[in-house]
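Paired with chain B in one complex and with chain C in the other, chain A is shared by the two complexes that follow.
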Partner chain A sequence: MSAPRGIRADGWFRLQHRAAPYLFVAPFVLLFLTFGLWPIVKSLTLSMYATSGPKDQVFVGAANFRFLLRDPDFRIAVANTALFAFWSVFVQLPLALGLALLLSRRWLRGREFLRLVFFSPNLLGQVFVGVLFSVLFVPQYGLLNNALHGLTEPLHRWLSFIPVVELDTKWLANPALVMPALVLTSLWMYVGFNMIYFLAALQAVDQDLYEAATVDGANGFQQFLAVTLPGIRPVAVFVLITSTIGSFQLFELPYIMLGNGSGPNKAGLTIVMYLYQMGFVTGDLGYASAVGWTLALGLLVISLAQMRITGAFRSGAE
Partner chain B sequence: MIPTAATRLLRAIVYVCLGLLAALTLTPLLWLVAATTKGPDDLFHYTFFAPRASMVNFDALFEVGKAVKSVDFLRCGINSLFVACTTVLVQLFFSSLAGFALAKYSFRGKKQLMVLMLSTMLIPGQVVMAPLYELIYRLGLVDSYLGLVVPGAVSVFGIFLFRQSITQVPDELLDAARIDGCTEFRTYWDIVMPVSRPMVGAFCLISFMGAWNSFLWPQIILHNSARFTLPIALNQLVGIYQQQYGTLMAGTLVSILPVVVLFLLLQREFVAGLTAGAVKG
Partner chain C sequence: MNRLTGFPYGIAALCILALALASGVWLAAQPIGNSTANLTMWTFANTHYDAYKAAVPSFEKAHPGVRVDVQLVSGTAVTSRLQAAFWADLDVPDLVEVEISSAASFFRGPLEHVGFLDLTDRIHRAGLWDGMVQARFAPYTTRGRIFGLPHDVHPVQLAYRRDIVEGLGIDVSKIETWADFVAAGRRVTIPNKRYMLEMPDTDASRLEMCLFQRGGGYFDQEGRCRFDDEVGVQTMLWYVPLVAGPRRIGGDLGGGQILTKAIEDGYLLFLAAPDWRTRSFEMDVPRVSGKMALMPLPAVKRGGPRTSTWGGTMLGITKRSPHPDLAWEFARHLYLNPAELAERFRGTNIIPALRSAWRQPAFSEPRPYWSNQRLGDSYALLAPQTPYQYASPFISTAKGKLSEALVACVQRYRAEGDAGFEPFVRRQMGMSAGELRRLMSRSPFL
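== the complex of A and B ==
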């Protein structure tokens, strides 16, 4: 930008005007190059070394990746994480959208308050939620088992196909129940968060389109398919991709809830937990970098696939 | 238009559904608050609040009257406040300054810088954790607050947030300041920042929450329990107190309170900031 007319003409003033943008980005650029870009470049080379702490390094080439792909623990971690991501995305997002649709009714009173309520769990860090829920999941006395037992027992008497949830159901000690417990916890945390995005998207949909659809005789469901869904598609794709990426980075919830470990039969072992254990408990920073890059590439492939399936690439041509 | 009986019924159903879901969402939080007020005998005996409130959990948490403390929870709370506030201030200053430069100036290398920033945003943080640790180790910053704050001082996300909001500040306003003799930095400090107040509020909250709730990096960096932040301290308490759930719940409540208070102060700005990138972008 050239200096506006009428500006002071002395040399110093012109100099500071010209130098300003460089000085303004300089601290960021310096920090970014050192703590953002350099570690990314470094992790590429580091992933080809076997290390023991930050000092000992031996070049091993692609051996880290070969070992990784054969390690049964890594396979367990990938399977667990993918299962978690699948359930949390396919249960969470429809619920979040449903909530947003209900909350965007124009006649609804107390919308601001309800939005606040549904969003509130997201304020809590995963560590704090982990501690809270590990107590809610306690067998015999825990709130969840008591509520579920109190609810399912009378129901079972009427409809015998509904199973009774026993009071001593051990959510965090039974390998089959670890994942449902984690999905349930993350559902509580993140439904309201994604709802905020859907709400914002719904408010941006052109209201005239609904009137036009009503004139054309479309019912509520048809309007949802023809007006709402296309209208919120960019945001929906964004939410789908970010929540998938977030789910694949699951670490703190299982780490805290399963007592700083991977749980019974490694049922709560996730990719990032595997990375943490290999890199910072065992001390092989090179191997941890290899795990990190495998995760990054996997996420890139999944994100691209999701964009293709949801037609994000086509939106420009329409 | 007067609603018909059918629509009135439908609306009632929606209200009931939303009310139930809201109650379901708040139940764990209510239980948490109630649990901190109950002694060990009452904890599971009463579902929520007991007829008699007790302070035993908070006394145990801060180990009132004990000469040697296992985890100094108060100290860890102060650590957390210090680390989170420092991170917010540093991130806010650098991000808004760089965001201003990217929004309102053309300069050499601007495009390349933006492309570089965007492409690193796509790489998950876990990729750089090992080399970052190595770097922090070489710099001698392991087990220090600097090791926590410095790598987190840059927020690419924050820069894009500020770039977007500052783009909407009219150029005439900035030129008027310059004609009045403001240097570029004063223009930023006295014009751009006050005008961007909503984004500043949103960013402060997002940044505070990130630093406050952060667990993995402090867990890797910090060794001395006197420097622990609250998430690390609480995780230690789980190991120490095992079945003393009341004390653990007191620790959880104390840990989440600052964020809740900050959120209630800034919630309007926060929701606007959160969705700014998604809807317009």
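== the complex of A and C ==
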């Protein structure tokens, strides 16, 4: 004698109901465990070994981290990366916000088209952008030098304090110009991307607040400080943190534009490039892991500090 | 049907799950495609690839039943994919050509863990140690064992715009030493308009060429760092005033199309030209055909060597190859067959390391692009003087450190000129080499 049909169906439904969530998350969990968690754990143990590829390993304890603290190349990489992150955050984000404010104005004609124009560089890959700007930065015959030379030469005749940009200015072969070149390239690529976040945030700000502020006699700048900034704060904090993390992970642009040598005097050496060089050029995966973990911890500290400074914790508690 | 609709997240979600599972199972069940080739070879250069493809049929004819698959793989990919495959014990090709600057990176770790077959005994048994330019084994040797067969010699000459140089009244036959060359260069160089020689001030690629010519190098025979020795210091002291300061004769704009334009415009009069680069000039700057010529590198001292070396390729056989003897046969077919080498020279301009091949008529043919000079003979004459360049797994880092020292010295010279320059160079070179030694000392495997 079999169970009544209704009871059987009910049991099947309950089983499905219980199992389905696990089934759905299973692919991600399996992939994450295999390609996420396992490498993380493995890299932590690896950071305590001197290695020559995965086959030859000698346990060295914390020696990799001690060496890292005295390593002049690592210091250069940290300084370069911090400089890039500084410029990225303090130039890129205000520019992105400014563009978003401009392109959110209803009186601006063709703003939809302009949004596409400013966002479109982000549709290109970093490798493509790197190659493109490598050509633009070429000395003597490159577009940038010719444009700047054509602009500054006549200006210099009238205003002698303006220096002439020489045609053979080597943006990617002069240690002093490498970082500005990288920042310029990343600005072109990412300002439009961050602008989209700010545009979305601006649309969510309550328009009644602007009307109230206008009634109270607040001018445009006061409205920006008192209404706009608090209104977009959650998004601004998110953009700030992701931009900082992204800047500290910089690899493709300098790798494409400067090659594996990271430019003259290592002027374009970033932390992730150094990690790559140590791991895959020098073959010391242990030391590369130590670099990776130091970067991860550094990013954690910086992100927590940013969240604290910008009041993200406070708003979360509220 | 009731059961399906009873799925808590709906039919669509169930379909997605079913499709994901089905496609995953189907993919996992697919057999891995088996190559029908007995031998697989990777090369990174287009010119090599074309030549080797042409050489395959004669090898297959001589070895019935054997099929050879030559694959063109980018140089960067050769290094990274091969290294990863060695590390992970994955399938690797039987033979691989590796560029000289990354070859030594495969020699790190204990000798028994080097992914390439030790060819030392085979090379000596086949008489290749004496039959090839011995200096060319050095970059592919570690701890006394040879892991690669040299593809080339790459002696260096100077390529120049004959029409412009003659028009400026420079008689290259009277230039014997670098002092002669620099004196002529100072006469004709016009800053930002025309430079005597292509000489970078930020990377050490030509500096190392000069270093090799003077008998110096990055490492000694035992793999110890040596670029800060007296030869290195003197080379740097000589090089920097040629690329910086008011009396410079060297300029550099980079490579690619910009170099083409610089040669066409006469912005650069002379360029360092290892044999492989002459082919690049022929392909990239065809408009100056017949206006270019070659001269031996000026000597450091009268009667000294008139060449150096730049670049190189080794052919290695992987330890995991199931057919190492057959792979060795194919390597010999490619690298030691004089008739094939002569034909290949016509397409690549590259002098092979096998001395006996240089007697082939192809090497004596006049070349219209080079003002009808006998390209092969001119390089073959210099090839025996090609200096040794010893390597270490730390070669990439060493190149970076020397470049750093160069940049620092150039900046210092631009700012303060000759005053106190020599002590600065000594200090800077010592510092850069010291950093490299510190890195090397960390390796428990060398």
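The rule we apply is simple: the second predicted complex is superposed on the first by the 298 of 318 C-alpha atoms of A that agree within 3 Å, B and C clash if a C-alpha of one lies under 4 Å from a C-alpha of the other, contacts with A are read in each partner's own complex, and residues count from 1 in each chain.
Methods note: a residue touches a chain if its C-beta (ideal position, glycine included) is under 8 Å from a C-beta of that chain, and two chains touch if they have at least 3 such contacts.
Since the model is a prediction, treat every value here as computed from it, not as a measurement.
Partners chain B and chain C clash in the overlay (superposition on chain A).
In the superposition on chain A, A:Ile309 makes contact with neither chain B nor chain C. Look at A:Phe24: by the touch rule set out above, it reaches both chain B and chain C. Of the two partner chains placed by superposition, A:Leu151 touches none, neither chain B nor chain C. Touch criterion met: A:Phe280 reaches chain B and chain C at once. When the two complexes are superposed, the chain touching more residues of chain A, out of chain B and chain C, is B. Contacts of A:Lys266 after superposition on the shared chain: chain C is touched, whereas chain B is not. Touch criterion met: A:Pro175 reaches chain C, while chain B stays clear of it. In the superposed model, A:Asp56 lies in contact with chain C only, and not with chain B. Looking at the shared chain after the overlay, A:Trp107 reaches chain B, while chain C stays out of its contact range. In the superposition on chain A, A:Gln16 makes contact with both chain B and chain C. Of the residues of chain A, those at positions 13, 16-17, 20, 24, 27, 54, 138, 141, 260, 280 touch chain B in one of the two structures and chain C in the other. Touching chain A in their complex are the following residues of chain B: 3, 11, 14, 17-18, 21-22, 25-29, 31-32, 35, 43-44, 47, 94-95, 97-98, 100-102, 104-107, 110, 113, 116-117, 120, 122-135, 137-138, 150-151, 153-154, 156, 159, 171, 175, 178-179, 181, 183-185, 188, 209, 212-216, 220, 231, 234-235, 238-239, 245, 248-249, 251-252, 255-256, 259-260, 263, 267, 271, 274-275, 278-279. Touching chain B in their complex are the following residues of chain A: 1, 3-4, 6-8, 13, 16-17, 20-22, 24-25, 27-29, 31-32, 34-40, 42-43, 46, 54, 99, 102-103, 105, 107-108, 114-121, 123-128, 131-136, 138, 141, 143, 146, 188, 192, 196-197, 200-201, 204, 235, 238-239, 245, 249, 251-252, 256, 259-260, 272, 275-276, 279-280, 285-286, 288-289, 291-293, 295-296, 299-300. Chain C meets chain A in the complex at residues 2-3, 6-9, 13, 17, 20, 80, 83, 86-88, 105, 108-110, 113, 192, 200-203, 251-254, 257-258, 261-262, 267, 393-394, 396-397, 399-400, 403-404, 407-408, 411, 435, 439, 442-445. For chain A in complex with chain C, the touching residues are 9, 12-13, 16-17, 20, 23-24, 27, 50, 52-56, 58, 67, 72-73, 138-142, 166-168, 170, 173-175, 260-262, 264-266, 277, 280-284, 287.
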